[in-house]
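Some structures to go through are shown next.
In the two assemblies presented below, subunit A is common to both, partnered first by subunit B and then by subunit C.
Right after this comes the complex of A and B.
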């Protein structure tokens, strides 16, 4: 029995979905860097969730290559989230992935009450299927329209137009990750700033990721000694 | 975890102190905080994200450093630090471990007590009052920048780098749920300042004591996606207190919002009255908001009126000076009022009613008609209710001050109580604490 009256503060879920490109072009160092970056970001996601008692952060991961599949099918509370490395295979079927995400953004399976969901797309290439139909399916759901979106372009050959269109807001820019350090910073920023944007509204910003400078990611001096 | 600054980075503060970055402690909305080594030992360095390292922010930080604010309730910017590439930040002390974040309290993940919570509220009020009385507006009061000790109620205000001199229009807009409605709406000519701080302070106090947001009732439950537009409506365009006596359309839902119903039921009338005033008239007319001095007077009176339930031992807030203490919030038993010490300060006379539970304390601030600050620590202890070491069940007031008291019994005879001595509690016993006078009353 508690020494003070009242139970825990009421909260609302934040559904956070990672959409990860696992096509062949990610083979080698890139996929290793991605796995590492997400693993690194998990403690920070826990910390940002811990700092916000009015939100309950639930994570899911979808990978897309020749097919799209849920890496974590059911939403996992961030406290229990563990990362299993993703592997590469095949094509870049982003459209199929978006279709599957759209199905999860209807009510149900979404609850009656939630905070804005977060869709975080990480890709290095050009989609090989009908991604526009998939994107329209996401936009057609009420939760998909409200979602906070972040996009990370891995490598110089990433199709930034697709990512830009996914963001759906000319004021938002995909984040460029041209080095492991940049990728880690971008993933870390996406995992924390997007959760804050979904759960802690700041007045005066129509799109918190666009206008709220406080959430802008750190610009790095890319002075690490990687060999290219 | 890696941040903007690498471990081992050497920086020099404006005052010439050498600083070596040790590790990253955490990240916030505006920047990162590092543990750094200096000749004075470990300190903390806040370093702004490039997007936040603006000339305006630099001006605020420089002004705060220059102003200086030696007050143990604040982690104040102590020294300005810049690198050669346009980055900057400031040095401050490291937050001691005993101070916990409010999210742990809100999740009920730590043990505390109603007395500690009331003290935390009172200390919070006085901390912001200390700023406001110097003409500084904090402008970003929220659960994220106040920490408290769950045992003592001591508070520590962090992230003071948005505080500005009243009237300075340097803009941060703040977290919407803590912002005054006129700021959420963006009314023309309205800027964050001490008057809007009063709203944020009341929201924070409500959350500390009630574990809920004062404007989140049924209307919030009717919202599917709580996004900016929905929050703007809840907190700005159509704000309605969950316990508004004239309009019950935003009353808490008994199932989904049971916490606030339980905590409100356990709060005494005088506290409820202040919250009601602030979140009805005060929502629409900023000049009617509850001022820090009103919060302070009510909180300290309630603190003196906390009683333990005789059956289950849980602390209960009772209405100061009321004859009926009500029932225990935990076990439902009827509460029994203990004897009280009615203490009158020197002029301008203020009367305090201290209920005498098994470990009641009289503090220095009880004897002062206009104390600058309340302190419930051992350093300011004047008297402590103690049980007789050989005669269990017999209680007396131990003199823990440095000077003798004079006691006058009901029959008119007097006695001297030296520091360290204990005077037995008797109905009608009068005590002269050297200016302030007190009398023990059975009811």
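Right after this comes the complex of A and C.
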């Protein structure tokens, strides 16, 4: 008698997509620190996922340089996710990356029944292709419009205007990472706060008054001697 | 039972609500009462307070929504079937009232209630807090239904489901939006001019013997626990089967476990109210004459739902049931007067 009728039950997925700049300007310490920071952030992401048992956190990684490519194409449950280092390659084709992500944000392949996806963009430079068309493609998808977006600007040469447009919300600012310590903190924040925001069961967001985001970036200490 | 009197089916009611995982309090509220007669219309409502810091008082907003819906629904029931020899209004007038006046009155009363609560419970008026931001604190969805001997009417603002299982076992969700919101976004009572976003279902009673077996209202914590919409409809069909096979008491005993399991998957507060009846189709007595139906029934019309004969005196439903709400509420102020557009001028006009 206690068997519940109906179809199968399932937790709702939260799709988290890293968008990582792997252009030559990231060569050296930057790419090394980025790999290290993401690898170190994975256990914290698992911890956040465990605190939100009704959400299933799925990870993917897109890199962009001379071309854009999926580093992890299929969504991987965070419990099974292991970081594989990314390598630098050439230009900064952000637009191509955004186009590829937009295709994944369509429904299908994205399910109708999901929590907001998270798009986390990390870049240290200026896009070398038509990034605006790519961003429009993301904005044209229902899930792209609703996505929780975070942006991390590495070093002084990062184009903050592009990152600001990517965020699509004047109340949000890209998070500056001007040192290895700041990058680690920024990655940690993006990995956890954005996931929390996406997996919260918050309703009423269609009300324009309710658009204050719960994942405003923190102020990072800048006491590192090694500054990019 | 006197000859010629149609028996009233027994309406058994279910009411259960469980708190979501990691939630500090249950933001849902619900109510089901009545027998489906002219004197005691069957009334049910569920409301889902939004939660989160932006809607810090939404557990009160959902409670106000349900309480005020019950008041409006009683008024609607009295309009549909006035006591004594007073001639009832036409179905066309009632439909217009349900579609236009009812939502405006309900939203207006809710806003008045929450603003009154704000005024009474805020020790100091914070400068610069607009009325809209005060109302935002109480944001909630609402689903409510009224079943009278003449009409079945239901209203929905925001997510959740109103489900009807007809006498043939067909499961429908007549207030489902054409396109569901993605994620956890939803329409809300706190939205400016919220009455415009209320969806209305209207079904005149044309054949009393075709009463639905089951009417249910549930918050999205239930439907979102299933991997697909189809799984939710299967749940409702299964609920109807269990009620038919084992009776309401048996289902009532396991309903908390079902909802708790659903809540673990959806992560949300999960609430279900339902009214179900079983029995052979009553033999129409002389007092039961099909009423002319307003024609044409526009987009509102969907699945006609029959109700038991109001003339009958036999049979009882379950008494009023209500989820306990431990938090005391300060004394209420009367709701403000509404400015609803007048329905058709002749409430007693012919329906043809």
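Quick notes
Throughout what follows, the second predicted complex is superposed on the first by the 192 of 228 C-alpha atoms of A that agree within 3 Å, B and C clash if a C-alpha of one lies under 4 Å from a C-alpha of the other, contacts with A are read in each partner's own complex, and residues count from 1 in each chain.
Everything below uses one rule, namely that contacts are C-beta pairs under 8 Å (C-beta built on N, C-alpha and C of every residue); 3 or more make two chains touch, one makes a residue touch a chain.
Remember, predicted model here, so these are calculated numbers, not experimental data.
Of the two partner chains placed by the overlay, subunit B and subunit C both lie in contact with A:143.
Contacts of A:170 after superposition on the shared chain: neither subunit B nor subunit C is touched. Using the contact criterion defined above for the overlaid structures, shared-chain residue A:7 touches subunit B and also reaches subunit C.
Touch criterion met: A:192 reaches subunit B, while subunit C stays clear of it.
In the overlay built on the shared chain, the residue A:108 is in contact with neither subunit B nor subunit C. In the superposition on chain A, A:44 contacts subunit B only, with no contact to subunit C. Looking at the superposition, the partner that touches the larger set of subunit A residues, subunit B or subunit C, turns out to be B. For the contact definition in use here, the residues of subunit A common to its subunit B contact set and its subunit C contact set are 1-2, 4-10, 12, 51-54, 112-116, 142-143, 146, 200-206, 214.
Chain contact summary for the complex, subunit A toward subunit C: residues 1-2, 4-12, 51-55, 112-116, 142-143, 146, 199-207, 209-210, 212, 214. Residues 1-10, 12, 40, 43-44, 47, 50-54, 107, 112-116, 142-143, 146, 181, 184, 192, 196, 200-206, 208, 213-221 of subunit A touch subunit B in their complex. Within the complex formed with subunit A, the residues of subunit B that make contact are 1-4, 26-27, 29-30, 49-52, 85, 101-103, 106-108, 111-114, 117, 143-144, 172-177, 179, 183-184, 186, 207, 210-213, 216, 221, 223-228, 231-232, 236, 256-260, 262-263, 265-266, 314-315, 329-330. By the touch criterion stated above, subunit C contacts subunit A in their complex at residues 20-22, 48, 50-55, 132-133, 136, 139, 141, 158-159, 180-188, 190-191, 224-232, 234-239, 241-242, 246, 250, 253-254, 257-258, 261-262, 264-268.
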